[in-house]
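I have a structure I would like to understand better, so I am pasting it below and will then ask my questions one at a time.
By letter and in written order, the chains are A, B, C, D, E and F; residue numbering begins at 1 in each of them.
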Amino acid sequence: MATAGDPDIITDFIAPPNRTVDGNFFTNTGFRVIVGGGPPPTAFKVLKATLAEFPALNGQSVSYAVLQFPSGTTNPPHTHPRSAELLFLVDGTLEVGFVDTKNNLFTQTLQAGDLFVFPKGLAHFQFNADSQNPALAISAFGSANAGTVSIPSTLFTTGIDDHVLAISFKTDVATIQKLKAGLAAKP
Amino acid sequence: MATAGDPDIITDFIAPPNRTVDGNFFTNTGFRVIVGGGPPPTAFKVLKATLAEFPALNGQSVSYAVLQFPSGTTNPPHTHPRSAELLFLVDGTLEVGFVDTKNNLFTQTLQAGDLFVFPKGLAHFQFNADSQNPALAISAFGSANAGTVSIPSTLFTTGIDDHVLAISFKTDVATIQKLKAGLAAKP
Amino acid sequence: MATAGDPDIITDFIAPPNRTVDGNFFTNTGFRVIVGGGPPPTAFKVLKATLAEFPALNGQSVSYAVLQFPSGTTNPPHTHPRSAELLFLVDGTLEVGFVDTKNNLFTQTLQAGDLFVFPKGLAHFQFNADSQNPALAISAFGSANAGTVSIPSTLFTTGIDDHVLAISFKTDVATIQKLKAGLAAKP
Amino acid sequence: MATAGDPDIITDFIAPPNRTVDGNFFTNTGFRVIVGGGPPPTAFKVLKATLAEFPALNGQSVSYAVLQFPSGTTNPPHTHPRSAELLFLVDGTLEVGFVDTKNNLFTQTLQAGDLFVFPKGLAHFQFNADSQNPALAISAFGSANAGTVSIPSTLFTTGIDDHVLAISFKTDVATIQKLKAGLAAKP
Amino acid sequence: MATAGDPDIITDFIAPPNRTVDGNFFTNTGFRVIVGGGPPPTAFKVLKATLAEFPALNGQSVSYAVLQFPSGTTNPPHTHPRSAELLFLVDGTLEVGFVDTKNNLFTQTLQAGDLFVFPKGLAHFQFNADSQNPALAISAFGSANAGTVSIPSTLFTTGIDDHVLAISFKTDVATIQKLKAGLAAKP
Amino acid sequence: MATAGDPDIITDFIAPPNRTVDGNFFTNTGFRVIVGGGPPPTAFKVLKATLAEFPALNGQSVSYAVLQFPSGTTNPPHTHPRSAELLFLVDGTLEVGFVDTKNNLFTQTLQAGDLFVFPKGLAHFQFNADSQNPALAISAFGSANAGTVSIPSTLFTTGIDDHVLAISFKTDVATIQKLKAGLAAKP
């Protein structure tokens, strides 16, 4: 139960047409805001440096995300179809967990400096249970475009039939509609 | 956003130690029940021929599942971490759908003889909406062990903290507990 | 001695330019004729759902073929350069066999409901020995384009020099020419 | 229609247990006979340096074969399931050919110093048409164990049923039996 | 000119024999020292979290290194045989560069928060030119065991013949011996 | 510590647009000069048959180089980012060596007819120590574009800052400048 890396390239790197290839092409400044000391976010926030934001990653099979957790916030259960995630907790504490394909739940309470690996393709989540302090993590992926299937929004905000969801979750349509309403409301 | 095939092998095939390798080794009879005309199941049922049931598939990057849908039943939303799924609807009709990583829902009503491909790693479901007739499908996978992450059971039967789930689904703990209770109850 | 899967893709799916991508794009109806109850073929017939017939399979590493064997017909020895074949015998009986790279022949008599795996890249064949009944099989491949090298037509209908073939098969030119004539004659 | 390389390794090299790993481990002397000036063979002969003969090739995805063609001899039609073949004609002349999966035959007359690539997984052959001189070629493969499916011996020396072969080649059983007899007789 | 990812696994994860698999197995605490505020190193220092230090990374195709640069120190030219490197400069400034296979040098001066990608397999280096302040970077790799070929130590501390090196670098043996002596002396 | 093969193709072969595909397309005559008996080179010389010189190799994961060593010449230390190298010494003698990632040096003295494998991604060199005779080798690669990072020219002819190199090699700037001057001077 695993997913593989990106396809290989047979050149040193891949540049978009007409793009000047110099040191700037291999540089991305999107994370400066993280070290810049600006005001922290008020909701869980992900900042990515993947193929979309950083074209030089094309064919290089690696990318980053920075995860910012205000006190009491969660990164909802999700999967990455194309990569494991190696999380480095830079600041704060974090409750993390994943479920393997035999329905075993693995959890851990991380402190600053800890690494945790979420195996490829499995559903996982993170939660900052600290009532006072934010948490900051950086996650590495072995793909330039790991992708994310966020389970709550995938299931309850895309228009899947209420009845199908009710049967799937062995509940009633009213509960499904309540979940849809809650997730549809933007904070 | 895709997953790759199984690792290659550098022999013709792989046999377990001390296993006699003759024509029987390459044969699996687990699907005879499907063509045998026995009584159909009363709930949605999956019959698999993967690495676990058919060891000769080791290194051959292909497997099957037979899906039996009594009237009104569903195969709940799930992902396969290691393969796309190519479904062939042999009998009946079937509502199918998947959500891509940009949260677009794609659905289709299939009739007998139709094929539908669920792309690699994406969340998808099937539903037999016919109030009278069962549906029967066979699905091929480009992996000997595609794996399944069934979303309802992964999230609500493995012990993930109620509070984390409530925040994730933007609902209250009572709703999470109701979902857990419903999914815990075996039919 | 094995072959690998297709190259990965780094998007959810691949659509041809200017193609509307909706549920229809992921659907193929080419096999409806199989379940439609039309007259069976009078010679061995293959119906494919591969990259060529079903563009949505691009990058998904899976495809199907339906094999129809009237009584007494054969699918001549061939190889698939890019995939193993997992055959599911839906109806009838079938003699199957393959030869590994050490020149061991593996054969089996299949009954309806049986699965048989032909390992990657090896020469194999199927034969419906039943003098009364047709056989119907569906085969899955772990590639969107497994490819077929049909040995009789590859060797004897493409213009390879008679003398080279005679030496290769340790026979005389007359025998080669007789084989060529037989295979050239369309039924 | 192609086959992939060997699986990767995650060490510099792989040594068998208890094997001393020094410069000798990475050296193979099996081709010394080629440059040694001994008497040439009297029949077509292949000398290999693959995983079996040279264990240090494990995981390195490359191997060699030396092909010696006395005047008028052929390397019968065959496929390599795991690699293309890049032939370098060192001495003599050689008729070469392969057939693609659309049944197009590609042939060439090579002179000493020429390279010819036989694409992955396709049926191909070589023939020394020179009535006087031998030919010598070295072939490189992008796999440590490319494998060989030699078509004449695979089909006609392994015990495949005469009737199946006769139907497959659209000929009579007598012709099949004649071919089997010819190939069974060792020179 | 690129290298591929690790081989895939066909299980959720791989655990060593007799290892208890719980949340701790997926956790590594080796980087706590980085966030712990201890005294900075006095020479360039690398702290790794790869397959060797963190066995749960087996088959997950991702790893980390933390790079600490006191003022005026360098990470000497090296290659990673199995992965690109995506460097995130957490603190300080850094001069970075790599050379492609056409002998083009690409350099950049990074400030805190910048990302720089060193393409797969190419020779590269980092240098903290700041005369006052240290620099701290974290690098992600798309392999659990990217490997490092450090050029100065590989060439000048392993016993390669002086004369071979002198010819290779178009210099005299005395210069080679001087380089060897300098690199042999531990600081 | 290894690198993988080229990405796969899903066609028999890949031809450039508007290129006639016949037997000539699969033939390369660039090595005729080797067997033609012309005057040997006076310096170390490499003749390649890779993707650049032989477009039919695209997607076939194999290539060649012919290495000609006049007496006393060397192929300087280098790495191939995408393939191991399997060297076949056709004529003469050759000192060869490589260094693994644990800084172990492996060396061997080869005689004509010997094969030596340089594992993937590792730094290696060859030297013809014979004061009288030239040496001739052919090397196979498991990639159509193995690539070469020649260490002396990569480090000392591309403009890397003298100070960075001096620190890296634990020497003084004058020595670095002397090395640069020597390598800049064309013979």
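Going forward, a contact is a pair of C-beta atoms (placed from the backbone, for glycine too) under 8 Å apart; a residue touches a chain by one contact, two chains touch by 3 or more.
All values derive from a computational prediction rather than experimental measurement.
The minimum number of touch steps separating subunit B from subunit C is 1.
Here subunit C and subunit D face each other with the same set of residues for the most part; over half of the interface numbers are shared between them.
Between the Cα centres of subunit B and subunit E there is a gap of 42 Å. In this assembly, the C-alpha centroid of subunit B lies 49 Å from the C-alpha centroid of subunit F.
Computed from the mean C-alpha positions, the centre of subunit D lies at a distance of 26 Å from the centre of subunit F. Residues of subunit F found to touch two or more other chains are 1-12, 82, 97, 101, 120, 122, 143, 145, 147.
Touching subunit B in their complex are the following residues of subunit A: 1-5, 72-74, 76-77, 79, 81-82, 95, 97, 99, 101, 103-105, 120-123, 125, 127, 145, 147-149, 151-161, 163-165, 167-171, 175, 178-179, 182-183, 185. By the touch rule above, subunit F contacts subunit D in their complex via residues 1-6, 8-13, 21-24, 26-36, 49, 54, 56-57, 59-64, 83-86, 88, 90-91, 97-98, 100-102, 106-108, 110-120, 122, 138, 140-143.
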